[in-house]
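Written out below as structure tokens is the structure these notes cover.
The first chain written gets the first letter, and so on, giving A, B, C, D and E; residue counts start at 1 in each chain.
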Amino acid sequence: VTGTSVGDRIGVAVTIPPLQEFVQRVGGDLVDVTVIVSQGDPHESRLTSGQVKAVAEAEMYAKVGSGIEFELLQLDDLLETNKDIVLVDCSEGVELIPMDGEHNGESGSPDPHIWMSPPNAAIMVRNICDGLVRLDPENRDYYLANRDTYIQELEDLDGRIRQSLAGVSKRTFMVYHPSLGYFAAEYGLTMLSVEEGGKEPTGDLTRTIEQAKENDITVVFTSPLSDPRPAEVIASAIRGEVRYIDPLAADYISNMRAFLDTLLEALE
Amino acid sequence: MGREVVRLEDVWVRYDGVPVLEGVDLTVEDDDFLGIIGPNGGGKTTLLKVILGLVRPARGKVWVMGKPPRMSRHEVGYVSQHSLFDPDFPASVWDVVLMGRLGRAGLFKPYSRTDKQKAEDALKTVGMLDHRERQIGRLSGGEQQRVFIARALVTEPKLMLLDEPTASVDPAMQTEFYELLENLKQRMAIVLVSHDISAVSVYVSKIACLNHQLFYHGSEEIAPEVLEATYKCPVQMIAHGTVPHRVLKEH
Amino acid sequence: MLDALQYDFMRNAVAAGVLAAVACGIIGVYVVVKRVVFISGGIAHASFGGVGLGYLVGLSPILGAALFSLASALGMGLVTRRTRLPEDTAIGIMWAIGMAMGIIFIGLAPGYVPDLFSYLFGNILTVPFSDLVLMIALDAVIVVTVVLLYKEFLALSFDEEFGAVVGVPVERLYLLLLCLIALTVVVLIRVVGIILVIALLTIPAAVARQLTHDMKKMMVLATVLGALFAFFGLWLSYEFDVASGATIILLGGAAMLASFGFSGLRRVSGREAIVPADGGQRQDRR
Amino acid sequence: MLDALQYDFMRNAVAAGVLAAVACGIIGVYVVVKRVVFISGGIAHASFGGVGLGYLVGLSPILGAALFSLASALGMGLVTRRTRLPEDTAIGIMWAIGMAMGIIFIGLAPGYVPDLFSYLFGNILTVPFSDLVLMIALDAVIVVTVVLLYKEFLALSFDEEFGAVVGVPVERLYLLLLCLIALTVVVLIRVVGIILVIALLTIPAAVARQLTHDMKKMMVLATVLGALFAFFGLWLSYEFDVASGATIILLGGAAMLASFGFSGLRRVSGREAIVPADGGQRQDRR
Amino acid sequence: MGREVVRLEDVWVRYDGVPVLEGVDLTVEDDDFLGIIGPNGGGKTTLLKVILGLVRPARGKVWVMGKPPRMSRHEVGYVSQHSLFDPDFPASVWDVVLMGRLGRAGLFKPYSRTDKQKAEDALKTVGMLDHRERQIGRLSGGEQQRVFIARALVTEPKLMLLDEPTASVDPAMQTEFYELLENLKQRMAIVLVSHDISAVSVYVSKIACLNHQLFYHGSEEIAPEVLEATYKCPVQMIAHGTVPHRVLKEH
């Protein structure tokens, strides 16, 4: 849990760090954002007393809404501490896609990583803005102006990604944790992933290695949230390298830009 | 003359295939005070456990008060050779003595007034009533032994089985203890296992020697040859030449 | 802390702490005096197999844990009593096999297993009301059983052989006791998790033992101590935003060290001399 | 499986399995015959505190684990020998306190703790080459120490008092043995994880004990068995796509049950009768 | 007459504040065969442990071969009262006997040819050479005891301490054992703790009675009064009236 609400600013609690930038950019000086799952994996459910305090003190809660395990399991309990809170579901209007079919198709649950596609991020920002306006109609114009500025930046990012990828012929990349499903779908790429359901990799690492070789993969992306060693095993088997991508970074736009650069290198 | 309280017929016990009791026949009547002597590993403790139904013989029949041993346990008192317990165990003397009433009180029920009265009487008998609140592990070995005897007494047994009850008791206390037995033997049959041939020969009314097989001597004198057969060695080693006589009773 | 108590689930957490303290106060005393700490630990870890099975077949993991812990209680009871395997080896192996089964089941289960961590390490903050009801029921079972069979359990713990001689069905009671331990483990899993259950069973009873020689008083004291550890552990973890189960255990551990340090000092100063020079392998009079 | 061996990581895994088997074969024999299964389990779990500390202060977690496991080895050795705390209670408490410290440290550590689970459950498939070097070094330490002190460790395990009488520094050797166990635990953590270490230490030695009465042969056999369990466990886990550490343990467990079941049967048919009727609390001649 | 091998001066030992040895003075010379008798808990085992340096006295001085006890351990052989070990322990008779050479062989070194030769001789002496490959836990109690005696012999001690060495040995074996001691006493000083007053009085050359305090009788006869003081009870209990005499030697 990071951040605290001070003075008469609106306290907003959000589930994951990228939402912090979304809310902060829309709310500007009028909001104070607290990230609930700032440490650890939102795919696990670890409720701490800090989170309890943060939610109790917030006026608005922005949830991802796409079926992140933490929200599925803990959010109802958390919100119980604050019955008057304004709950914003950021995924409203986002078209959910099923989890990476090859591995997890049978469970049929949606891929929760909606924010990793900038157009989805724009939808989420709109939802957040609507929530802030509902809560604080007096500053409606301020919020709308901020929203539009930020959405413009997101659109720039989107354009830049499309442009950069336009000339690239290699369209397949590999990531340890399948967090880039929406990104791949949006930009016509194919994501190969290693991990299944957050469990330790097993002997099917060999299949993944073969897959990587077939697709001429040279970079394995992984996140700081995952055990680096399986990615290293694959990278060394294909004589490639491991690159880090943090799907949970708080500085969303610059993080995505940096990711784009490494992705381009990987697709060379 | 008395009523038969224990009857063993051709009892065999093996541990891991090694026979410990070999065709033991034994009869104890309700006015008997039977002493059992024999070398280490001769099967004395095992014999008592057979009578208690703790060890089932491989062959042979056992009756206690005319019933199978496990049916008549509540009429049998037992003081075991080793009371292995944790010296820090959170139980008082009183708790321990009351355990003797477990079989009478019955599952799920608390101890009755009678149970407590009997426990008090038994503690008085062994002279430990003053120590009833003491933690059992904090008593000396001899005091503990008295408590265990009291625990065996409260069952109001018709048969009392004592397995080397004086081994951890000092000689002064031993004398007292044998005097206690002198009283008890009016009320119940007693079987006493002991290495202390002299004490046994002084106090008991019958002697049996056990070394896998039982040499039962009823109330006759024990001839040196019998002892030799039991211990399989010159008797001199055990009782330095002079076999304990009945005569010692008059000491 | 007091302001936190306005929230339902904080009150649930406190209630869960107290209910757990009752179970571990009463059963923990038997665990400590009958020296079945490792059997209890083994039961707790084996229950992980049930958690995994729950995920795999879509049952409630806590139900799976209850099944596995009861089965392993009976298994360990019978194996350690009826066979000649060295007890520590047998328990250690069953312990690890239960855990390994859990891991395999979880690996086979579809999708994410999000609250695995909470089964391993517990989270008193997320005890749902339904679990409180379960805990009350289990506490009631434990209390009623122990009240009804107090004298038999005392005899069982003190001297099994004599118990058998006076006609107490010791083996069945021993297995019953292990089953009560299994139920307690299930109750405690929510609070401190599988891995730390062993501590909550042991610490309050071990501290209580330093303070009294009477088993009934020990149970009451252990319950009170357990409730205090749970309450203040919860408080500390709330104030410092750290894991609650671990804080409860560390608090208990500190109390334990304090009480043993104290009585240790007393003992050292009382003994005057006698250093069992090297090789004086501690002789357990047991 | 054979085709899988073309991959580096599979060859590393096999090598890690064999290196682990050497450590657990040799040290496991002492663990089993000296009956320190639970002390070993305690050392393993306490090492989790070091993993947490590593994350907290930015040290290598495996180094932290090594420090904590050595410290807890000495701590448990001294506490169980020098104080009068009941051994099971003392070990159980230290065990849980180590774990609880790990959890708290990890909670306090900044950022993510990515491979927590791999410390708990291990993953032989991702053992990097650098770890293999570490394992070779530790195996060398273990083998050299045991070769040099074989006769002293034998005496220590068999009859400490006599060892002391003939002038063997038994306490220091005992602590050294516990430190070797601690090192073994560190080696094994990569392979099967903290929670399952106890099994890999115990199972091969326990099975080997069924097959020979000679300690040296026991060590060789336990090493061979451990390597076989690791190899075939790896194979099975590869074929069926399940967790490798857990599969290795389950395979060992099955071998164990088979060997004990077999000798149990032999024993039962040999004994003819004698059922220690209820209350016949197993009398350990120790 | 002989050289002094053990000298205790005013030795006090307390366990948890309770005195077990109270001002014990003792001298053993190199041709002595000293028997120590006394009641359970009298401190006999403790006294031997003091001589071995396993227990440090709270007060008093101890010399063994003129040195502190821990310095002269390699010249002392010891057979303890209880050899507690796991019957499944993976060690052969040969392994166990070699343990007696640990102090001579030194850390880090394997056993030398001499060590092995001595072990063979010792096993021959106790008649167990044929069993050298057997697993120790699979031997009978008496056979185990012989192995432990061999283990004590291989140290080539100048002083042999035996703590109730015949307790788990059957009478037949006991006789053999005492005959073995008869031979050994030519070569070393022997201290024998035993409850078996008769055996002690037959074989030993000096007797001491230990009941917290030591009543050392040199080589004189033990008067009944002395035994009474030691055991604090009518001697009749212990030896039925007739105190064991030297006379028994002639049996």
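Just so it is clear, a residue touches a chain if its C-beta (ideal position, glycine included) is under 8 Å from a C-beta of that chain, and two chains touch if they have at least 3 such contacts.
None of these values were measured; they are calculated from a predicted model.
*Asks:* Using each chain's Cα centroid, which is most distant from the centroid of chain D?
*Replies:* Of all chains, B has its centre farthest from that of chain D.
*Asks:* Can you name the chain that lies farthest from chain E, using the mean of each chain's Cα atoms as its centre?
*Replies:* A
*Asks:* Give the chain pair that accounts for the most C-beta pairs in contact.
*Replies:* Ranked by C-beta contact count, first place goes to C-D.
*Asks:* Counting only Cα atoms for the centres, state how far chain B is from chain D in Å.
*Replies:* Averaging C-alpha atoms per chain gives centres 47 Å apart.
*Asks:* Return the distance between the CA-based centres of chain A and chain B, expressed in whole Å.
*Replies:* For chain A versus chain B, the centre distance works out to 79 Å.
*Asks:* Hey, how far is the Cα centre of chain A from the one of chain D, in Å?
*Replies:* 41
*Asks:* Multi-chain contacts only, two chains or more: what residues does chain A have there?
*Replies:* As it turns out, chain A has residues touching two or more other chains at 48, 199-200, 202.
*Asks:* Scan chain E for residues touching two or more other chains and write them down.
*Replies:* Touching at least two other chains: 54, 70, 86, 88.
*Asks:* Could you check chain C for residues that touch two or more other chains and list them?
*Replies:* Chain C, residues with two or more chain partners: 35, 86, 107, 161, 163-165, 241-243, 267, 277, 279-280.
*Asks:* Taking the complex as given, what residues does chain D use to touch chain A?
*Replies:* The contact residues of chain D facing chain A are 4, 7-10, 107, 110-115, 117-118, 121, 123, 125-126, 128, 237-239, 241-244.
*Asks:* Flag every residue of chain A that touches chain C in the complex, lowest number first.
*Replies:* 1, 43-50, 52-53, 56, 69-70, 72-74, 77, 80-81, 104, 106-107, 109, 197-200, 202
*Asks:* Any idea which chain D residues touch chain C in the complex?
*Replies:* Where chain D meets chain C, its residues are 32, 35-38, 41, 45, 80-81, 83-89, 91-93, 95-97, 99-101, 103-104, 107-108, 120-121, 160-161, 163-165, 169-172, 195-196, 198-199, 202-203, 206, 242-243, 245-247, 249-250, 253, 256, 260, 264, 267, 277-282, 284.
*Asks:* Touching chain B in the complex: which residues of chain C?
*Replies:* 29, 33, 35, 148-149, 151-152, 154-155, 157-159, 161-168, 209, 212-215, 218, 285-286
*Asks:* Under the stated contact criterion, what part of chain E meets chain D in this complex?
*Replies:* 52, 54, 70, 73-74, 76, 78, 80, 83-92, 95-96, 98-103, 105, 107-108, 110-111, 135, 151, 155
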